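Order of writing sets the labels: A, B, C and D. Residues in every chain begin at 1.
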């Protein structure tokens, strides 16, 4: 069975996923595309033999759409996801699930009411081979109970449009999700410490930032977010446990010796860093739908948690104080006690 | 356009490629399968919706077969490949192209007579990200003209059926192909040096072996083939040039610190080591056919060269002497002067 | 000229330095030793041909003592150092210079009054090859202005006698000194964050701890102190600057591949980790005295700063609040503006 | 007891060892120096308070010389070493022990007649921490019986005076010695394979060379000697055994990330690479003499073996044939059966 996917939002990431579902992932076909710019929708739809539709509701409603992919502007996510749930169709929503906690909760409630998981949120790091190996090592007990996680999230540069809040909302949100999953734990507070800013930044941007998180089990996480580090796109993660530690590998690259130095390339591009993770994410999503299974990736609840925690991190920076994450109890539907 | 592939040979590697063309590579569909064991053909064909056919000729001739994949027993390769050429159909042949130089040359002649490249031989290392990076570094001139290549090809163990000649014919043949491509050069002589044998081997097997090759340009290659090294599947390659060197990376793996040691996993399995290379190999092959292009991978001529050189390596071991590779001049059809 | 050294305190570290000055460092001779336990003094003195004296004052006063080495119990350091200054003799004092800020300041004032530097404090990391390379890289401008430093200080285990304050006073004090030197900057505040404690510890001990420091220039430092990490003695330091980063190397060790893993040894012992640093520290100290120069190592002021900052770190942990370091202005005598 | 050392030969390496025995190694004093250039002898002797003597015989005979260090021109080594043996004085001879097998044997015979070991040959690699770790790993049985050793010996450049034979006599001789010791085995044949020469060399020099050795136990060694590799001074050694492998580490160096690359320094200088090994070599030599022990380092027999094997390697290159090493049976005096 080929899963027929309708795409809402044909910007850069939408086009990238259209290409991925067409050229890289088997078992899927793009049948419908919409975008706020109808021309862009048509341009994206035509080469893959899909129809350009007028709006998200039309995509969700289309008979030849089995599953919905939401890659539109963040503030519109909630509406499209709620539509998909109402239609009983699986929906993959790029992060964030919604920009407010309230909207996330509306999605959570709608899905619970539906009674079966339909929503997957696009946190691709859970599909990265390194993080998966790290999770296996932790779960095997090799390093004992986790106590501390040290992380760094570095981009070479960001455009002028990247604002100070985005360090939490757009960048750190990836670590927030992957660490909750890695540790099987919940983040309960956030603090932000601000080093002197780099001179290589837009004037309005506070960069770098150090974010400190505490989990329910008492694990402490420090995360450097530095989006103008110049030298490369570099994701570091080291989990320290009672008996040892495990560290994310650098991407494999040939070693070169010339002129008194041994060197390897550092990627400068997050697309290259997580290409395989994106591919695996969509391959597993499509295969699950084809098999009639509920999605196993980041859930609506995870999307809610990520939004609440990243919002709390913004608040922590603004208030310069340790900020408690104000999260509802996790419902049993999502594996919780409530 | 979906490329309809007929498969000749449904053993382990055939099944692996059927799975790959079905689940991992887009744009292809298996339509026909044959095997010397009809039951095995049926078992492989059924789940992917293909027909089981009586023999290779039937697969080549089938109307719903656009391209042929030969994964049968080595000595039968030549016949199937010649059939495909006669039918004017693209054919991917797992190594070896043929077990004798004569059969390889018959294929080469048939393809030349056909006037358009149809044959690709399954040397997957050319599609490995590490080797490709290495080739880029060499071609960029970063290390200057290559002078020496050091290689190791290690398997943890091999079955009883693995014989002494197979170190050259089945193992080293991968290095022989990839180094010809990497260096854009030809191997002109071979010598084999035999260390004391490991005690971890079948009694009939000479293991390890050190193979020494010289190229037309005077590059010297040393290759350790050690197929019972116990500790893992480990492929090493270092090219030393006039200004520097470039070395294949180890596969990325999380670093773990416990009990006084920092460690990373060494793969124990060649399938895992070259999974991405196999995927890329078939993705590019299918995409080329879909686009109506001639194949760009290892050619029939490369298959001929690999057979001649690996046979010369066997002869070098038996004679304990430096053995000249007796190769025909490369025809212009394959980029040569002849 | 051979520098004749008198040693006050013949415990483990005293004996280690006696051995070092006798067997490893040229240009020095131990002539006098004292200890609170006279038997231990005699035992340490005899094999190196030194006299055992009754107390520290006698060592300082001895005619055949050119320079004094203080390796006694911390609370006694101030007295011996002040004696040495009064006698106008160079004195090397193991850390801490003194256990209270007041005593440190008395030493600082005495040395200023003397008008020439006599005191060196035993912070050996400034002599470690890795930290020295890191300082060169920073000073060369290779990574631009430093913004953040990530550190870890891990011991496999500590004895029952190791108390919670010692994480700052005995362990972190090394990073405090070396980072002030590395960054040529001053630490102005401290905060301590407490992860869940490891189960591998004495019940009275809070372990691990994460210490956060801010410098006068706005650099932010995070330091994990984990003294029961089980797996090894592991010192990590990474300085992130505006244009790049520089990271301390792991000690060189042979790589071993067996049984599916590539591994290298992690040291389990700080003595081995900093043996070369200790040797260099004393080699440079003795050479400086022999040449009639003032010491160039950590000064009395550095000793004062380390004590004030590590005490503030203890206070920060107790108060669970960001604690400002209350340090006097640096006198011009020590390179300051005051 | 201070060991009083007389030095024969005050060229670069002689001066380096005079400095080492004066400044770095305790327990020794230089008392006499000679050189073919009397001015150079005086210049070297004066700063360390030694006398300049007329010739090597005078140094050996001097009452205030307990031990002799021979750092003169290679062809003169035998005479000075024989003199020292005749005088019953310990003698450290920089490699080679002698330039001909005959002269080496005369020394071996003289030492046997004397009845006690006096001679140590200056092969410093046995004192390198990496090689020592490798030997421990091998002897612990971690990698099983050794089967193959891969080595590289690379210098950035050599002066015009470096001739083709020196690749074996001056460069490879270090691997020849250290591998005999590492494997506790004897080299029985040599072959040399010549890659295309680098263009970065003197016209008269054949560079690089690949040397192949076989040991009595059947271990096979391949050694790349490349003395104009441009990029650095780089010593590689990997021993492959029946159960695993062990590899020499690169020297520890800070990792730097800038401009899309992670890099570490490669040394460009053999003096820096083996400084610690030289220090340990002399520290152990002096301590042994002070303790009245026979030397434990490379013996006169090892010096003989190195000369015979490196001469055979030169012959192998000239004859382009596998050359058997023609070595006498090892006398019981040197741990052999004869």
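Please note the rule applied: a residue touches a chain if its C-beta (ideal position, glycine included) is under 8 Å from a C-beta of that chain, and two chains touch if they have at least 3 such contacts.
Computed from a predicted model, the values in this text were never measured in an experiment.
Any chain touching chain A that also touches chain D appears here: B, C.
Each chain's centre was taken as the mean of its CA atoms, and the one lying most distant from chain C is B. Interface matching across A-D, B-D or A-B places the copy of B-C, with more than half of contact pairs shared by residue number, at A-D. Inter-chain centre distance (chain C to chain D, centres taken as mean C-alpha positions): 38 Å.
Separation between the centroids of chain A and chain C, computed from CA atoms only, is 44 Å.
Shared contact sites, meaning residues of chain A that touch two or more other chains, fall at 230-231, 243-245, 250, 257-259, 264-265.
Here chain A touches chain D in the complex through residues 156, 230-232, 234, 250, 257-266, 268, going by the rule given at the top. Note for the complex: chain A touches chain C at residues 144-145, 147-148, 150, 152, 193-200, 208, 210, 212, 214, 217-220, 222, 224, 226, 229-231, 240, 242-245. Chain C contributes residues 22-27, 129-130, 133-134, 137, 142-143, 243-259, 264-265, 276, 283 to its touches with chain D in the complex.
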